[in-house]
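Each chain gets a letter, A, B and C, in the order it is written, and its residues are counted from 1.
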Amino acid sequence: MADYILQVRNLCKSFGAVQASANLSFSVERRNIHALIGPNGAGKTTIVNQLSGELEQDSGSILFNSVDISSYPVYRRVAAGLGRSFQITSVFDNLSVAENMALAILAGDGHNYRFWNHACNAASVKRELAAALSRVDLIDKADRSAGALSHGEKRQLEVGMALVGKPELLMLDEPMAGLGAGGTVELMKLIRQLKGQMTILLVEHDMDVVFALADRISVIVYGACIASGSPEEIRGNPEVQQAYLGEN
Amino acid sequence: MIESPSSSKKKLILVTAGALFLAALPVAATWSGDVYLISLFTRVIIYALAAVSLDLLIGYGGLISLGHAAFVGIGGYVTGILYVHGFEGEPLLGLFGGTDNALVVWPLAVLVAAGFALVIGSLSLRTSGMHFIMITLAFAQMLYYFAVGLEKYGGDDGLPLYSRNSLPGLDLGDDLQFYYVCLFCLALFLILTSRLVSSRFGLVLRGAAGNMRRILTLGIPGRRYQLVCFMIGGAGAGLAGALLANQTEYVSPTLLHWTVSGELMVMVLLGGLGSLFGPVLGAAVYLLLEEILAMYTEHWMAYLGPILILVVLFAKHGLFGVLTGRED
Amino acid sequence: MILFAEQILNGLQLGITLFLMSAGLTLVFGIMKVINLAHGSFYMIGAYVGATVTAASGSFLAGILAALGAAGISGMVVELIVLRELYQRDHLDQVLATFGLIFFFNELTRIIWGKQPLFMDVPTWLQGNIEIMAGLVYPVYRLFVIGVGCLTALLLWFLFSRTRLGMQIRAGASNRRMVSALGVNIKLLYTLVFGLGTLLAGLAGVMAGPIFAVESGMGESILILTFVVIVIGGIGSVKGAVIGALLVGLVDTLGRAFLPQLFRLFLSSSVADGVGASLASMSIYILMAAVLILRPKGLFPSHD
């Protein structure tokens, strides 16, 4: 039997008459890059928000490492090993790049009720900050205000911050959105490097990116998973072509 | 909050100059005979303490509290009630005797204020934004009416103290000594808070103020940090209240009135939000402006109001920001 | 029983006043996302202008009209000069600037009308008492206030549910972006909504004139009650303002009337009066805390 890190079972969530997820089930194998694709409005971001705990499901369950986490608040899911980046980049604009990264490092390093020593003098920050910033090419901009970064740089910072927590499962919500061609190539390189170290759940619009990176693909239509399989299987699936690829 | 080297140098100069000024003021005032300046500046220092504690909430914690006067009032009432019970020899709630020993009263004022901040904060922090402002205001007004209803402790008329607290080795009744004790408290609080805002706790706090959603997805329960911040701010205001009760030798519900909360907020913004030292300057300018305008016209509020609006509209970082050349 | 019915009427009357205050303010909060501490100032302006014009002309109706005009127009002027600059600012700036407005208006009334409170007589045609039911004698003026309030509520209901402007306003309270996407002149809409809100506050002020003293700073105590109403009802919800205002009016009035008596059942009468009075003045805040614990966004949260 395959080693599943994430199993979503019969997840339902509706906003009034709109069903954002309709009896949704799919499973993600450990150390895979698993892509969620689907036409616009298929409810992909809503699914990510349910997985991360920002939205509560109406029914159904989410198993992470075989533990039911569906009633956990956001921070407990993060502590359990579920990291994410946002579709619309979300960093701390009021802090410097280094402080952003330091926060991410400190988040995984015990409690923060320490009132006297400078945050950047914490042992874990001293140890990891430089490497964490270098990994996403931001070491030169450490003292810059994060609010002043370009869109691509913010995205790099955000992915870098998600990596610091060493999540077992990293959810990337449309990471390529708004990036130019150069930025996309850079980020694809980074995601490939991460493969093998962690599982990645990739929500992405750009089909070239998805087919270049993913090991498995699940197709979401109207909040339900209509097919799961390898890129070849998905490419050959008539239902998928009809519902989604057929449009192109 | 990223400072260029030149602005942090200017800040150092400004803070040093301010510290020297406050340290030397009583000496100069005694020498020139303007003794009233000592009590005026004692007031400035005490309000500065309260304003700095509010700046911690607003400028760093992102918690726009319009009920900060409640904690000033609680500090004042703890001082007043303990004093009365000590004076009359009647045990409080039939359990403890009152006291006028500052080493007991002041820490107690701080603790009780922090305790109230814990309760009010944990209720208010269930909300955010506009709700939070109105709710902190409403809770403060509730305590105001509670104080008005405290017939045993003077009700509406307030509670006179017949002398200041006693502090072993010092005579707080002496305005000069009291001035330096207040200055010491302010300096201590400023040192503690400036360490705090750059500590791990402070980093989380500033992060939560800027982007709460992101803090939560980092796995940090940000609201709890804000609650602790709310308590620390309340504690600082409690100390200010105890000092204010000592200075005026009088405690009344007006200490808790919401206009006091508003004035503290004005001091913070006037001086410079999120700068800790700025609110000290803000308190000084506000109280002196009030004093000076009142010399020329009894309708000074008609001038102060528009001045405030202009400051809000045109001076984003307050006086401290203008003087240190801080920019975003 | 008679006493109870009388207190219910008193509570209704306070609730109606609070409704007039909060209906406008909740829309200002909900649509413009502006926190306005100076709303009480327009209540005060309404009371002062109403009292002055009534005294000069001898006609209470003229006083009411003048109060409505003064409050509405000064509201729109303030919106144009100050508030408009604050829409894009954070709440802190809004709090401070409107706090400055309070200083200004309070002092302005002192300059114009002096420090002494004005007293406004109940107009002759509304003087006296009326026996509503056996044993329950109630002042005609207070019934008039309740009636005017109900009428205003009906008019507002008509405005919001039957007219185009009302629909735009309601849409604005629940989804600001939607309204601008529909091509509505937002600036004009904002000025009108603000003016409507201050006009209602002015109405509340002039109606309160013969009941309370008209004095500088009279707007602040009612302002804070209004905040409590809005927090309980939910920001931006007119329905919430109605329910919240009636709840606060009744709880406050009944609490003050009956809590001391209740405590007398098991405490000595002097202690009971003290505890009861304290608790009564805190009762609405306790109500607010309870609502918050159960529903942090109020009873009728508007969707955003």
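We adopt the following convention: a contact is a pair of C-beta atoms (placed from the backbone, for glycine too) under 8 Å apart; a residue touches a chain by one contact, two chains touch by 3 or more.
This one's a predicted model, so the numbers in the text were calculated from it and none came from an experiment.
Chain-level centrality, scored on Cα centres against the all-protein Cα centre, points to B.
In terms of the distance between Cα centroids, chain B is separated most widely from A.
With centres set at the average Cα position, the gap from chain B to chain C is 31 Å. Averaged C-alpha coordinates give centres for chain A and chain C that are 48 Å from one another.
Chain geometry summary: the mean Cα position of chain A and that of chain B are 43 Å apart.
Here chain A touches chain B in the complex through residues 52, 54, 74-76, 78-79, 84, 90-96, 99, 102-104, 106-108, 112-119, 122, 143-145, 147, 161, 165, going by the rule given at the top.
The residues of chain B lying in touch with chain A in their complex are 1-2, 192, 195-196, 198-204, 206-207, 209-211, 213-221, 225, 228, 328. Contact residues of chain C toward chain B in the complex are 29, 33, 35, 37, 82, 85, 89, 91-93, 95-97, 99-108, 110-111, 220, 224, 227-228, 230-231, 235, 274, 277-278, 281-282, 285-286, 288-289, 292-293, 296-298. Touching chain C in their complex are the following residues of chain B: 58, 64, 66, 123, 126-127, 129-131, 133-135, 137-139, 141-142, 145-146, 148-152, 258-259, 262, 265-266, 269, 273, 299-302, 304-309, 311-313.
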